[in-house]
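Both complexes shown next keep subunit A, but they swap its partner, so subunit B is in the first and subunit C is in the second.
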Partner chain A sequence: MGRRATAYCLILPSFLLAAFIVLWPLKEIINLALHDVNRFGLLRAFSGLANFRTLFADPDFLAALWRTLVWTAGVVGGTLAVSVPVALMLNGDFYGRGAARVIVMLPWAVSLTMTAIVWRWALSGESGMLNSGLRGLGLIDGNIQWLAEASTAFPMQILIGIEASIPFTTTILLGGLSSVPDELYDAAAIEGAGAWDQFRFITLPLLRPFINIAVVLNTIYVFNSFPIIWATTQGGPANSTDILVTYLYKAGFRLGKLGEAAAVSLIMFGVLLVFTLIYVRLAMREEAA
Partner chain B sequence: MKQSGVKALLLACAGLLALSGTADAGTVRVTIAEYSKGTGPYFNEAAQAFEAANPGTKIQIEVVPWDNLQQKLTTDISAGANADLSIIGTRWLLDYVSQGIITPLDAHVTPDFKGRFIDTFLKPSVMDGKVYGLPIAASARALYYNKDVFAKAGLSGPPGTWAEFTAGAEKIKASVPGVFAFGLQGKEIETDVYFYYALWSQGGEIVQGGKSGLGSAAAVAAAKLYRSYINGGLTQPGVTSYSREDVQNLFKQGKVATVITAPFLSSQIKNEAPNLQYGVAAIPAGPGGARGTYGVTDSIVLFENSKVKEEAWKFLDFLFTTDQRTKFDKIEGFLPVNVKEASDPYFADNADLKVFTSLLPGARFAPVIAGWEEVATVTSNALQTVYLGRAEIEPTLRDAAAKADEILAKK
Partner chain C sequence: MSKLTRSVLYWLLLSPLVVLVLFPFAVMFITAVKPQAEVLDPAWWPSAARWANFAEMWRATGFGGALLNSLYVSGMATVITTAVSIPAAYALSRYRFAGRGAFRQFLLVSQMLSPIVLVVGLFRLVAAMGLIDSLHAVTMVYAAFNTAFSVWMLQSYFATIPKDLEEAAWIERASPFQTLTRVFLPLAVPAMVVTAIFTFINTWNEFVVALTMLRQQSAYTLPIQIFSLVAGRYTVEWHYVMAAAFVATIPVAILFAWLQRYLVRGLALGAVK
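Let's turn to the complex of A and B:
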């Protein structure tokens, strides 16, 4: 009992700080979402769930909600598919490994907004690097207008998202790989296991907790990620590349509908809360194991 | 030890409070939109000059990128942490006035002071007979055309009507490969404005009698015109990926033969593409002879909650002296708002600017309606759908007009 009380006492200050940082804004946002709010944040009449009803009646919002799921799944899945092989290679011993690791980590050092703006130039239809590169290789005859339509813009945005998420994910996976003892591979090789079997039966199971963490953390980051889509298309043309954050930004700051914007952010908070709970469960299960 | 630490912390806090207290006394905070690289340096220099002439008053300039201005103001105002003076888009003025956030300047605006301004530019900042802001930046739009391309296509001068424009564009397409005749903007801020040029020439209006003009026959004709340019290969491909700056860049690179934009393109061309042979002309007229250009002003406003209104006004007075205005407008490439300034040889003998000033009598400003940004967004979205060829023109515009009407009726 005494020990427990001490523990709680020690946790209390940081808990209070966290509560102040998280719960107070949350209360404010709930308040905004339930009121008719003017563009400068002044509360007018209590409006109940009217803001939420307006949102769910807006086809652009529903499309953005769905697109956010595609975006998150696409970026997180793609990142993982690239990062696992990259981490395996970087974990191996070869000449110039240090340099290779630095190169893979480099995109991390560039701010996300800058990355996105550079890509916006690269994807420009008439003077972009990508088109001139593809033309030089003889892969295309005419220029492709990458950002003119969602059908080309959105996949490119997902690719940019993947590129930006690889360094972080690779770091987590490299940490995981370094904890796998080499003796296991030696023993497996003696038993006659090939490279694929070693990967399937040794690497992957031991890497699983790290992959889980990478998935959950990336999901949280990517779900909330604003710069890539904003800098390349601002969610356009005609809202066809909007995700929830860009929808929220436009509603709040361009159109001055702070009540609706607050409602969107609550919905996003709800979705992310579920993911955070999963994260906590994963972390605990790993601790128990 | 612990106690002395707490004490030190408290002292530090008290010190900070005291410091901020003294800073408040004679400090005027000014939020400035960044129009170009020269904006910040100009205002800092002006602030220094003002401080030297008015000891005891400090001017604190905060420069914000244009795209973030509205966001910064919204958050600052809702937190009560806004500056004393700020630049705002004049089209936002109504929201600010109706919420009582800014204060009228009439106590200070003498007839003499009013006489400094060209009336066309002061008028948009006047509401219910009260002056709520001063035009810090003014601009209008005209047609830029590439003289070399026009000569190669055998065109003698700029087109007077859209019919002439179409004929000329076909010639450019046929005889100048690699150059697109019409730079059409289809992305981001002012996508809707680029359409209004055609709308006005067809005799249409953005808002008429409280109703959106987007569903009108004129709007449909205007949309059909632009769509025929897209389909006929007379514009750059993929117009929905080109913002205003992107289209201007194409013009500077000589890749589009015409673009409709503001005077500041002239100064950009002077710096970035000095060899480009270009001319400036009125935006083409429609079949009935109607034409219109877009006039824009940004206003500098004084906030109601400012504690240093007297000092702030003095700074405004200083900013709108002929010398300061001339300096600023030369740096930014804006139109003169000041009568005396306009007679400065730099403006009076500038062929490009003469075209712009000659168009001012017919200039239309963004309509003063609450929720204007939302109407503009609805319009831009509908236009992007039309430009992409995703839907039939008439029903798309009619739907957008219905949405706009709903917004207009709500406020």
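Let's turn to the complex of A and C:
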């Protein structure tokens, strides 16, 4: 058996497994999105883009689309703003660094579902431990009904999203920082560069590829993230915290609008493809450099 | 700046994050040991820790069955994922072949597509095969969606194993199979174990697929079982829910705390190389 044939045999099982479970549903979704589908999933007439038109005429969908943008930008931006300084500190030498690393990484080990359920309880208005904690510290007088209104629920969901995204981002950045040779800093210090200049002219440029990749990957993960919003508010009250994934899930499995749900899937697929292309270009540029 | 000053400063700066991270664990644990009468009290500390909650929770929530389902699904999915990923990662790191780039891109795209985007299609696939409520169907979906990550991690580790050793074995007239089993695999075992554990944790924590495919309570995995104690209920027994969440979370968190440094290496290598 030739080397090439061996290589194909080696990749074949993984390819078949992934292809079957990714491509078959994708074909199904394209089919559904372009047909009039009844609530039991039977395809009726070919309807072209009618499902998409229905979506864009639905104010709830447009609101969810906009909220997805805020959600993604908020979580990804917030995560980066926290993770860069945290990674710099965790890369430094200080007492208890091992413990600090474990604590920062800890949310990664907890499933998003559990995190969201615990927060749902902690945020409960009457008996939630956040309210009682804040009251005990004298920060608030009355109870805040955190999850009863989008204006408090959505920011809290973004905060939970940030908490859950920090470990992964910090991990990528730490990997990047460990590749910066110490000699560069020694040389810069001899040249009289202060800490801020060292950060701006050495750390940041060398870290940039890692930041780029962390941002793109986070964007993809957060854009797709379902459990945090589903397990805290299920997109409620009155769809006011819906993002695309929860809108999709409701349309498909609550309201039986399979055609529209499939159309949302395809729109998301398109957006994800764009993110993926950006990632590939960034990763390739890195490889070429 | 002395190391001591820096330590104090860093811990001060990190303290808000430390509080944010540890707060859910505190809420979980404190609620889990509260006596039932005090659960809805807004006070932080219980009058006494009631450890019996854990045993009662086990019975009241059907924890054991869900635990077995989770162990089965995650265990099988990890075995399948690892079994198909090792050869693929080996091929990517040791062979040049036409379509290598295309295969890598395919993996990348399948990693980008989370199950939620495909959930309607996945549901139809599973329903068409009559496998709703089947743990095996969930297992296969998990294996498929974790293959990309697993191949990715493995090949970045495999690439760090020097080829010289294998070449030396060939010169000594070892067959390719002997080279593989005697030289390469022993060196690759740590990477395989670490990757398998991460696959296990990923599948252990998965939500959407299980929520969609598993309709009968007897088939629920842990995240769905615990979610079902909260969702759409009028009265939620929060001390049981938190006890269940705590028991489901802590073993994984300990495993993870122990392994996180391997992840730093593997991901950093895999992400840009």
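We take it that the second predicted complex is superposed on the first by the 266 of 289 C-alpha atoms of A that agree within 3 Å, B and C clash if a C-alpha of one lies under 4 Å from a C-alpha of the other, contacts with A are read in each partner's own complex, and residues count from 1 in each chain.
One rule holds for everything that comes next: contacts are C-beta pairs under 8 Å (C-beta built on N, C-alpha and C of every residue); 3 or more make two chains touch, one makes a residue touch a chain.
Everything numeric here is computed off the predicted structure, so don't read it as measured data.
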item: Subunit A as common anchor, with subunit B and subunit C clashing or fitting; value: clash
item: Partner chain in contact with A:F253 - subunit B first, subunit C second, else both or neither; value: both
item: Larger contact residue set on subunit A - subunit B or subunit C; value: C
item: Subunit B versus subunit C as contact partner of A:F40, first or second or both or neither; value: first
item: First (subunit B), second (subunit C), both or neither touched by A:L49; value: neither
item: Touched partner set for A:V118, first subunit B, second subunit C, both or neither; value: second
item: Subunit B versus subunit C as contact partner of A:P237, first or second or both or neither; value: first
item: Touching partner for A:A109 - first (subunit B), second (subunit C), both, neither; value: second
item: Subunit B versus subunit C as contact partner of A:L69, first or second or both or neither; value: neither
item: First, second, both or neither for A:E149, with subunit B first and subunit C second; value: first
item: Partner chain(s) touched by A:E126 [first = subunit B, second = subunit C, both, neither]; value: both
item: Contact residues of subunit A, present in both the subunit B and the subunit C interface; value: 41, 126-127, 143, 234, 252-253, 258
item: Residues of subunit C touching subunit A in the complex; value: 3-4, 6-7, 10-11, 13-14, 17-18, 20-28, 30-31, 39-44, 80, 83-85, 87-88, 90-92, 95, 97-100, 103, 105-110, 112-114, 116-125, 127, 140-141, 143-145, 147-148, 151, 201, 204-208, 212, 223, 226-227, 230-231, 238, 241-242, 245, 248-249, 252-253, 255-257, 260-261, 263-265, 267-269, 271-273
item: In the complex with subunit B, residue positions of subunit A that touch it; value: 38-42, 124-127, 142-143, 145-149, 153, 233-234, 236-239, 250, 252-256, 258
item: Residue ranges of subunit A in contact with subunit C within the complex; value: 3-4, 6-11, 13-15, 17-22, 24-29, 32, 41, 82, 85-86, 89, 92-96, 100-115, 117-122, 126-133, 135-136, 143, 159, 163, 166-168, 171-172, 174-176, 178-179, 209-210, 213, 217, 220-221, 224, 226-227, 230-231, 234, 245, 248-249, 252-253, 258, 261-262, 265, 268-269, 272-273, 275-276, 279-280, 283, 286-287
item: Subunit A partner contacts - residues on subunit B that touch it in the complex; value: 70-71, 74, 77-79, 95, 99, 101, 186-188, 236-242, 246, 249-250, 253, 255, 371, 373-374, 377, 380-382, 384-385, 387-388, 390
